[in-house]
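Naming follows writing order (A, B and C), and every chain is counted from residue 1.
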Amino acid sequence: MVPILEMKNIVKQFPGVLANDNVNLTVEKGSIHALMGENGAGKSTLMNILYGLYSPSSGEILFNGKEIKITSPRNAIEQGIGMVHQHFMLIPALSVIENVVLGKPGNKTVLELKNDAEAFVALGARYNMKIDPYALVSDLSVGQQQRVEILKAIYRGAELLVLDEPTAVLTPQEVTELFKIMNQLKEEGKTIIFISHKLNEVFAICDTITVLRLGRSQPSVTAASTNSEELAEMMVGRKCFLDVDKGEYNPGETVLKMEHVFTKGTHEALNDINLEIKKGEILGLAGVDGNGQDALIDAISGLTKVSSGKIFIKGNDMTGSSPRDILEQKVSHIPADRHKRGMVSTMSVKENMILISYYKKPFSKGLFLNGKFIEENATEIVEKFKVKTPSIEEMAGKLSGGNQQKLVLGRELSREPDFIIAAHPVRGLDIGATEYVHECLVAERDRGGAVLLVSTELDEVLTLADRIAVMYEGKIMGILDKEDYDITRIGMMMAGQNQ
Amino acid sequence: MKKKLSTGDVLIKVLTPIVAVGVALILGMILIALLGKDVGVAMGDFFQGALGSPIRIGDTLSKVAPLTFTALAFAIALRCGLVNIGAEGQFYLGGIAAGLVAIYAPGLGIPVIGGAVVLLLAIIAGFISGGLWGLIAGWLKVSFGANVVITTVMLNYIASFLNKYLIGYNGPFYDGSGNPQSEAFKVSFERGFLINGSDMTITIVLGILALVFYYVFFFKMKKGYEMRVVGFNSTAAEYAGIKVKSNALLAMFMAGGFGGLAGVSELLSAQSRILPDFSSNYGFDGIAVALLGQLHPLGIGLSAVLFAVLKSGGLAMGNKGTISPYIVSAIQAFVIILVVASVFVQDEYTRRKLIRQAKTAKGE
Amino acid sequence: MKQKKGLIIGLIVVLVLLGIGLFAPDNLKNTIASFIAQDLRIALPLALAAAGLVYCERSGILNLGAEGMMLTGALFTWIGTALFNGNPWLGILVGMFSSLLIALLFAFLVITLRSNQTVIGVAINILALGLTSTIYRVVQSMDMTILGFPNISDILAKIPGLGNILTNMSDIGPELALVNIPRIGSYLNIIFAQNIMVYIGIIIIIFLNFVLFRTDLGLKVRAVGEYPKACDTMGINVYKIRYGSVLFSGLLTGLAGGLLVLDIKTFVENVTAGKGFIAVAAVIFGKYTPIGALGASLVFGGAQAVQYLIQAIGLKAPSDLMNMIPYVITIIALAGFIGKTHVPAASTKPYVKE
């Protein structure tokens, strides 16, 4: 049988990056094909080429045996290629059915939403998916939104469906549901490309596996003929398991204490949070994205008001204090979104280095800034934290992602904090930078700092944390000590179940 | 470690406004030609009027101070991320307050030692009055999220009507002459500063001082740093414990204050009483001056001189009947558009440079 | 839900108006009727501009150049009408074409070159003020005869056969047959004997509301202003929709400017006097719907018509203070209603296709 899709010798060159370097991918009709690889391995680039979002620098694509040019997403849809992006391409302010028909070829000038809604509900029923077609997308849960995305693609006649890391935002239970749907689609003869970097999931659902590493494709293997170790080696290229040298776990006095903290809000509001973090420990906060982690960080750092409960830092009641008063307690915050919060990308490296402390001596004298000290300070941090920049006058936005994170890290850690909030500190960083950031955090802990590490990557939390708290829908489901680590149990807690 | 910007970058920064002005002037000339006027005659009138004699030059330079002040009114707010189109209204409020001081303060027993005390009072009153007018838009923004452009434009019209009312037939400051106007100022800035017989006054020195203040405030002072952080990235400002709202309010007060000073310097230098519509568009000129000067103090100073020439040349053309002085507004708009659009060209230049570098890196 | 609320408000307004017509004393009744007529006359250009701007804003572009587009449309309608011997229909087409060109410049700058929408909007206004005033002084001396649009009663009177039934002839020209209704006849005639463009304008606005919420194109416009990247992956050309929306808002703001000139039958420098900005405020106040914008415009129009009302009642208030009212009301509406309506999520954010 002719494969449904063949991508041959695909090359994609971006300014400064060779994202795909002679990639080959062959997908059989009616199969579930895994596309694996680390962050930055070139998976997304390849799929964006397939979906017509990028045009390849060279290479050819065969669909059902015929060479095709995919000029745009619309073109891809017309050829029968559908895609569910990791960040959903749904418009929150519109209803489900409006999202489904948006841009659909063959729409009448005056929309016939009623007809479409009926057909859509019928399609959903076939896959056991019940969704109100007139609900606003913003009112749906993440899992429901994903189902809308899948149905939308099928509704438009997708034969080949690309699912880009669909499980990243789901609880284990929702993942099971998704797999059921995927299997049913396969039985009906649809083909699925499943992008993931999670080994167990790939073995659970896929027939064939292609691994990308550093922009190059490895020869495909069948799931039956391989094992986890082999795949991991193909992905990473060397046997490397995250391991960090840590000093003895020797917690001191309590630094952060939260008592029955609630916040207002609809989705991720905090719901009776009780938490303690001590000197010399890293507390890992695990959980699926969007379960109140951001609200917790904002409550601690004073960026949102607590509706009830108390927050103590080093024994001082800081409930309702301003962000600055909290920072003054030697709290450092490495924010999740460094572009939005952590730095001012249109200011120089030098000016970014004083973002938190500019008003204090010796950064300023009276009403004026102390230019000489500010320069010395920036030079020192840049050297100590190995920030690669042509000059301290360079605009921070022009640095690479890893160097921007080092800039933020350097600024925050050079304040010798007693308490560090690190939110997804290695998101989007390469392996070298990741290791460096991890070393720094552990060094802070060994120095006697208290660290709150928020991450959705379980591996990261398991490696670094002394204790793990799991959040689900604004609640802390439980806190585990190192000796009680148990992945299944953590997984259950992430899904909202305890014991 | 310390390295300044590369020469290429500096060159682009300096070349951009020069090219923008050049192209804008050419577009202006094309416009004049299209309207069937003799470009040569128009240019002759223009330069004769703006720079034809020492006195003419002095008259032209007398416009530098109000232009500098309105440019600062725009630039200060923009540094804090707010687009203040209200310099025109702030100009009126500042002018009215200063004018009233100049008319009535000498009668209140305030010593008129060469007018200095009264003038100082007028400056303070003008600054505060303009500042409060700016503050209204700031307050509407931080309390209700009302778009500053729209509120400041509305406030411009309100200010203009307020002025007309105050000196109109039913207004409290009408002089009873049969024309809508106030009484004459008893004290004003002395003309003939530096150039005898010209309209120049000491306000040009105040303008230069304001530019120095602007530079020191934003680049050497804590508060100015704070304000710039807020302007560039208010989320990061909140994260850093900087109060976004109070900075926005202060920025609008300061911006309004400088807009007010523009009114003070124009009214107490070039005019002898408060009249309706006394601004002649200074508030909008300031936007172009600030943008052409790339918000840099030196740039603003030079642009203010350039626009003073444009403005006086334009007026001269208007007086001769060659073409409406409004042609200057069109040229200003071309300047703004070209300067703003040049950002795109610069970005493209950087992007292409990166691609080139990537390609050579690959070739090696 | 929302539609019901609108209907109820509409019904209440109609009932109140009828009640006034039936029970108020004659002189008060006529004053109120002419207030309403003035309000409609003033509000309609504003509402048309705002309805066009709804499309623009919904597609994610904040068009602060509306004032300039309106002003350009006003001047060229004036010139066009004169060139076509006073024909307002052809004149207004010239006006709309001129504002379309300005809108094209604006669209190119903010969509293709991704320039700051606020600053470019302001520049467009300065440009339009400069151009129109300069050109005006050159053509000022031309012989200008301007005929406004005809009144609905004049048109109805000319319909063969039906003219006599639909209208009555009076000393000052035809009146609507409504005038024959006892008690409220003349009251209704004052309200309804409007310029034909008031009727056409209301129909256009209702039509635009339908297009925005019920058609494929309208859905695309609404989607593009919320999440352009998603639209792109769905095969929608974001640039095309945004260009189209900006150009359309240019056409309608030009139409509005033209109506302004045809209403007062002359052009003066800066004749729009902030009305373009008030239209932008009406978009927000009207919750980004064409019909809402009409409602908002009636409020702003009422603020201006209040002057006539006060004069009619015989109160003495300085005209300069009265002139401030529309601007003050705009600020109050803006402050009171922002934050209570959903602003398109991608508003003012340029879209960069990867």
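A few comments on the model shown:
Assume contacts are C-beta pairs under 8 Å (C-beta built on N, C-alpha and C of every residue); 3 or more make two chains touch, one makes a residue touch a chain.
Since we're looking at a predicted model, the values are computed, not measured.
Comparing the centres of all chains, each the average of its CA atoms, the largest separation from chain C belongs to A. Interface comparison, B-C against A-C: more C-beta pairs in contact at B-C.
Averaged C-alpha coordinates give centres for chain A and chain C that are 47 Å from one another. Measuring from the averaged C-alpha position of chain B to that of chain C gives a distance of 32 Å.
For chain C, the set of residues that touch two or more other chains is empty. In chain B, there is no position where the chain touches two or more neighbouring chains simultaneously. Every residue of chain A that touches chain B in the complex is listed here, in rising order: 13-18, 301, 303, 322-327, 333, 335, 340-347, 351, 354-356, 358-359, 364, 367-369, 371, 375, 379, 382, 390-393. Every residue of chain C that touches chain B in the complex is listed here, in rising order: 64, 67, 105, 109, 113-116, 118-124, 126-127, 129-131, 133-138, 269, 273-274, 277-278, 280-281, 284, 318, 320-321, 323-324, 327-328, 330-331, 334-336, 338-339. For chain B in complex with chain C, the touching residues are 31, 35-37, 83, 85, 140, 143-147, 149-151, 153-158, 161-162, 164-165, 168, 170-171, 284, 287-288, 291, 323-324, 326-334, 336-337, 340-341, 343-344. Those residues of chain C that touch chain A in the complex are listed here as 214-217, 219-220, 222-223, 226-227, 229-236, 342, 344-345, 354. If you check the complex, the residues on chain A that touch chain C are 51, 53-54, 72-75, 77, 83, 85, 88-94, 98, 101-105, 107-111.
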